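You will see two complexes here that share subunit A, one where it goes with subunit B and one where it goes with subunit C.
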Partner chain A sequence: MNLAEYLFMFLVFPGLLFSGAAGLVIGWVDRKVTAMLQWRVGPPWYQNFLDTAKLLLYKETLIPKGIARGYFLGMPLLALSAATLASTVLLSANGSTRAGFLGDVIVVVYLLMMPPIALMLGAFSSANTLATVGASREIKLMLSYELPFLLALSVPIVKSGYALKLGDIINYQAANGAVIGSPSGVLSFLAMIFCIQAKLGFVPFDMPEAETELMAGVYIEYSGKALGFFKLAKSIMIFALPVLIVTLYCGGVGSGGVVDIMKGALEYIAIVFIMILIKNTNPRVRIDHAMKFFWGPVAFLAALSCVLAVMGY
Partner chain B sequence: MVGYNSLELLVGLPLLAGLFCLILSDRFKDLARIVSLLVSLAVFAGSVYLFINKPGPWQLGSNIMLASDNLSSFIALGISFFALTVSVYSLTYSTRSLGRYFGYILITLGAALGAAFSVNFIALLVFWGIVAAMLYLLVNIAGTEASAVAAKKAIIIVGGTDALLIFGVGLIWHITGSFNMGASRIGLSGLTAFSSYLVIAAAGLAKAGAMPFHSWVPEVAEHAPISVTAYLPASVDKLLGIYLLMRASLTIFKMSDIANLVLLIVGAITIVFAVLFALVQHDMKKLLGYHAVSQVGYMVLGIGTANPIGMAGALFHMLNNSIYKSCLFLSAGNVEHRSGETDLSKLGGLAKYMPITFAAFFVASLSISGIPPFNGFVSKWMLYQGVIASVGLGGKLKVLWLVAAMFGSALTVASFMKLIHAVFLGRPDGDFAHIKEAPFNMTMPVVVLASICIIFGIGAFVLPLPLLIAPAIGLGISYSGAWQPMPATLLILAGLVIGVGGYLLLKTAKFRQTDTFVGGWDPDKLGRVDGTEFYNTVTDIKMVGKAVKLEAGGGFDIYSISSSIIKAMSRPLRFLHNGILPTYMVWCLLGAIGIMFFIFLR
Partner chain C sequence: MSHKAHVPIGPYHPLQEEPEFYKLVVDGEKVVDVDVRIGYNHRGIEKISESKNFDQSIFIVERICGICSSSHPIACVQAIEDIADIPVPERALYIRSINQELERIHSHLLWLGLAGHFLGYNTVFMWAWKYRELICDIMETVTGNRQNYAMHKVGGVRRDIEREHVSYILTRLDEFLKQLDMLKGAVLDDPVIHARLKGVGVLTKEAAIDYATLGPVARASGVDIDVRRDHPYAAYDKIKWNVITREEGDVFAKTVVRILEMYESASIIRQCLDKMPQGPIDSNPKDIPAGEGIGLAEAPRGECFHYIKSDGTNSPTRHKIRAPTYMNFPTFKETVIGETISDATIILAGIDPCYCCTERMLIVDTKDKIFMNVEELIRLSQEATARIKEKMGIK
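Then we have the complex of A and B:
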């Protein structure tokens, strides 16, 4: 592979342009479904595109006085780059014969950790008390969901004979049936949905932003282009994380035939709907409750699924 | 043989130079600095030469004492590099007895090299003991009460396990009848062989600072001069401890399933518990000290996997850890040097005033957290594959080790977020606006170390792995995962460049500076969050809270546990020692009668 090909994959398809656009559309689905659940009409499909363009092109970028500006403005870019790379790696493993493009599942896990880290560092560097409180919640939330997330994640790895490359996990499921078809797969899938919900900061785990008490918390000092980059990174995460679940539990889109892609898309939409439903039917929980929830029942569920997977169920 | 053996020179030169510095009058402070710098530079050049051209062994009489192979010359390269770094860093260090300080540093260098090259157990014991003694003297160089306590604790734990090492060597002599290391690999079937492995491993673990022998590391980190912490517990002791463990597992003994399982358990517990304790610390240096403990867990885990990729990962992680750990300690030293403060609740906002130090600290924190594309990620990624490839008794529980290692990594991220916030980003308690960047000789080492973190991360499969790690392991490494650091880094950089372009070129809207906004309140009146309390929620979880409380009270500390056991054992004896002469005479009489009975009535 030459450099131009890498750059094309990263910037156009399946990277920045495609994932970003897809993420904005998924964001619209979220808003539309939420509106319907609340008996409202909801925005048109291109609303999120307009919002992003407005931030990137027309809004002033305000910078707090007396802080390290480079880090404040750099962190949104880091978040965007890492999210795009994670999405690129994930998508290129789906529907392609290349088993290990750029990285394996461990690399993806670490890349997916980077946008929240960049967000925290950006919030810290704004030296705003409310942002700090938000970031401290974000980081505790990360601690909370990371334990069950890793336990749940090891189930597809164990099931596919300890394969680490995404392509191998997909190929295994193509030959032996999806991971979600087994008892351990179901339990692990359930735990995973909660973790993804928290990874995306969706209600009931939106305490880092907490509009009603912290006024967007981590984002409070961000505006204009910097905020636009963060929002775009988040859109890509909203698109990429359900893709991760489809890849690990439902066998991805296999070799990339039309039927495979349709099947993958349906599974993807089902997962997104589950997440939107959870989001709209629960109130925000407190951070210590979230931690007890994730280290307690969810971790137990994930650990149980792990044990079952090792025993071969 | 005509002339000198190069091994003998390499070990002897720093020892002699160190003795020279010790007897140097305090009036020639600069001479001690120059001698230390030149000697460590020469020794580093010598070890590079030695790594490329393997010299013959050095004999004492007919016994081969020192010899170099790929593993030991790799360790020696690391040791001499860190000695050079610390010598440069200490150029502006001042204490009452500078000659002693540099003397101890050089003697440590010589003895550590000697320990690495020893192929005879007696030579190993001698050099090993000198390094431990130098640790005591260096920690206590400032001579304060707290540093004396820390030094005592360190010497009792490290020296105590040295005694165990002597015992283990005795057992090996009992089995093989030779003091030659690696003459023949000893199977671990018998009780004698197994216990000799255990005590030698304990010596390695204590030197490296793994649990349950960890408690001296945070204590030393808190009270010793920071350059000493960066030099001994963070790099040289770590290299030596892991080297001994690796030597024991690779060439002295034939590992058994149970021995590997012990290592895996020690490794996993060390990773998770030490980092949990790190989360709740309030002092910058002590927090870093707990991370120095936690990282050892990864190396021990890697050796416990007993397969080439796990071992290579452990060795690479050892090297990486020494690099980013000393970078972290030294940049913390810069902060302490300029602000005179290590309490996290008082520091803050230094990123603006110490940009170089912060940049280095930032890179090193991402490395230790295992964030791609830095070096810590590559070695952890290799370790995870090693765990997955592990077989046997430990292999049955590999998911457990994998999750412990990866979760420990997430906890490390969290802990460093707190540190970066509290020291460099958040709002300070006092006014730090007068603070300047540290002097050149203190920023240069941290910049070099941080650059190595980046280079070893991106070029892992080009530079360190084929040149340093693979020869030292001597086994073929095969990867089950995939990671292409160069294109990945390139793409991230491309993203960053495009983003910067976006900031600069899309000039349709303005950039403006404003005050922070806290919902219409006065930001100064809202109070500040210093970040030390971030993780108190974690201790609300019952088990974690109990463990943290136990650690704070010394419950995991082998030093205080054993001292309380000894106190309990000596209580009846103390009762007998009441200081009254007639009582002692009665005891003597009773004893004499007893002996009489024994002799005559037998």
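Then we have the complex of A and C:
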């Protein structure tokens, strides 16, 4: 493949344009289902597009005085590009199992770690008290969920014969049934759902933003395009993380025909609904609760699933 | 060495949408000190009331707070009735009680919703406010308004409860109680809510007495006070009901007290509708003689106190109001310090603060010497604006 093809993949399909649009639509699904649960009407489907367009095109980008401008403005870009790249790698591996490269699972994991780190550095650079508190929560939260996340992630890898390639994991599941069909798969899937919830900053793990405590915390000094980039990066994450789960546990979103794609889509929607339900039936937990939760029960669950996987269950 | 930072909440509360300013001094996530500033929205209600006649001042005090727009007028008319020993027909007393309890239910539900919102639990927020609509519907049936009821007058009430409305009120109340059961289960049996609220922001019984707290805040700390029982007014001495108390003093206890009080209120309304005698609703008093009177009412947040002094003319010469939140505010020193920022917001909300009730102004008596007149104050303000503009580089 030449550079133009790569650029197309990154910028248009399945990268920025596609993932971004899909993320905004999923974001709308989240808002709409939440609204229905709360007896509200909810926004029209294009609301998120309008919001993003407004931020990117019309709103002024304010930069606080006396801060590191490079960090402050660079971090939204870093978050957006990392999220886009992660989504691109994930989707192209789903599109064709030969498209990936050895170790692309690990690359995706690292890329998915970038947006929270970028958000944290951006928040610290904005030198706002509330943003700093939010950023310190973001670090703590990341330290909490990364351990069970990686442990849970190792289950599909172990299951598929230590394959470090997304394509191989998908192929293994096509041949031997989905990972979620095994006991270790179920346990690690459960742990994974909680980690994803925290990675996305959904309630009950939205303490870095905590609108009612910190008034959007990490985002507080961001406006205009910079905020728009962060929001878009988050939308892409909302789209990509359920795809990751479907890829690792349910055998990929599928590209082998209508039935395959329908099955993938249904699994995807089911996972999104689980996330929205968790989000709407819980209050926000405190950061120390979250750390105890992730390092205690969730890490145990993930470790147990890992041991089971090695033992072949 | 630790670094202490200031976390501001306000001067416009991000959630309660009222003007106040909490300054939390934090060390990491832990709150080491708290300062509360109010007084951004002083309206001079007491002074305005003194320039109105007795009938008008009831409308003024009704506008102290949209939520307590039954408690303040009741306390006010009771103060006026106290001056002149005005008799109130029994039916009017029952109607006052019904109005008070409906107000209590809607206020507690409103708080429950906001508490959910504070915890990031928006589903509880929306559901609580949806069910509050049922109560607002009843309010509309009884008084003609959802808020600011204009129901009370000296010597009685303005509107009667029609016989055909009673069955409607009862069905709506039944509907509401069913939903309240569900809401109670969702809130009080949720393990995450337990983790967030239990043992958080504890106000001990001694501290509650020392700070002279009122209402649900005091009752959640084991202080068994309630104006409705201790100084009965309206029809509260004619019916059976319980004062809900809890010993723990944490935010969870405050939540439990408020939720259980809603059940008591519903039972009071039911009994009132049942026992209400037929008859006039107004004794049509004519003149208010010189004298002093006090009126007490148990507002949803605690004791609401009105003092009125009359010199025999048709308007009060002194009208003093003490709203319950004013007494509950200082407990923050006791409850917030030592907790984390996450908990601080819900503890601050735990007393159900009503800022508009709490606005105060300090008058410094300078013995008729004028330090500054209006022109000088305006000049000061203009100079300050110029300084800010210069600092920001705006021309």
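Simple rule for what comes next: the second predicted complex is superposed on the first by the 305 of 313 C-alpha atoms of A that agree within 3 Å, B and C clash if a C-alpha of one lies under 4 Å from a C-alpha of the other, contacts with A are read in each partner's own complex, and residues count from 1 in each chain.
Just so we're on the same page, a contact is a pair of C-beta atoms (placed from the backbone, for glycine too) under 8 Å apart; a residue touches a chain by one contact, two chains touch by 3 or more.
Given the structure is predicted, the values throughout are model-derived calculations rather than measurements.
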(message) After the superposition on A, what does A:Leu11 contact: first (subunit B), second (subunit C), both or neither?
(response) first
(request) Considering only touches as defined above, state whether A:Met215 meets subunit B (first), subunit C (second), both or neither. (result) both
(message) Applying the document's definition of touching, compare subunit B and subunit C: which contacts more of subunit A?
(response) B
(request) Determine, under the contact definition given at the top, whether A:Glu267 touches first (subunit B), second (subunit C), both, or neither. (result) neither
(request) Check the residue A:Thr281 against both partner chains and state whether it touches subunit B (first), subunit C (second), both, or neither. (result) second
(request) With the two complexes superposed on chain A, say which partner A:Val133 touches: subunit B (first), subunit C (second), both, or neither. (result) both
(message) Applying the document's definition of touch, where does A:Leu77 land relative to subunit B and subunit C: first, second, both, or neither?
(response) first
(request) Could you look at A:Glu146 and tell me whether it touches subunit B, subunit C, both or neither (first, second, both, neither)? (result) first
(message) Between subunit B and subunit C, whom does A:Thr61 touch in the aligned arrangement: first, second, both, or neither?
(response) first
(request) Please write out, lowest number first, the residues of subunit A touched by both subunit B and subunit C across the two complexes. (result) 129-130, 132-133, 136, 215, 287-288
(message) Under the stated contact criterion, what part of subunit B meets subunit A in this complex?
(response) 349, 351-352, 355, 358, 370-372, 377, 381, 384-385, 388-389, 396, 398-399, 402-403, 406-407, 410-411, 413-414, 417-418, 420-421, 424-427, 480-484, 487-488, 490-492, 494-496, 498-500, 502-503, 506, 508-519, 523, 526-529, 531, 534-535, 537-538, 540-541
(message) Applying the document's contact rule, which stretches of subunit C touch subunit A when the two form their complex?
(response) 5-8, 14-15, 26, 28-29, 116-127, 130, 190, 192-193, 195-196, 340-345
(message) For the complex, give me every residue of subunit A touching subunit C.
(response) 34, 37-40, 129-130, 132-133, 136-137, 203-204, 206-207, 210-215, 280-289
(request) Name, in rising order, each residue of subunit A that touches subunit B in their complex. (result) 1, 3, 6-7, 10-11, 16, 56-68, 71, 73-74, 76-78, 80-82, 84-85, 88, 99-107, 109-111, 113-114, 117, 120-121, 124-130, 132-133, 135-136, 139-140, 142-143, 146-147, 150-151, 154, 157-158, 162-165, 215, 220-221, 224-225, 229, 287-288, 291-292, 295, 306, 309-310
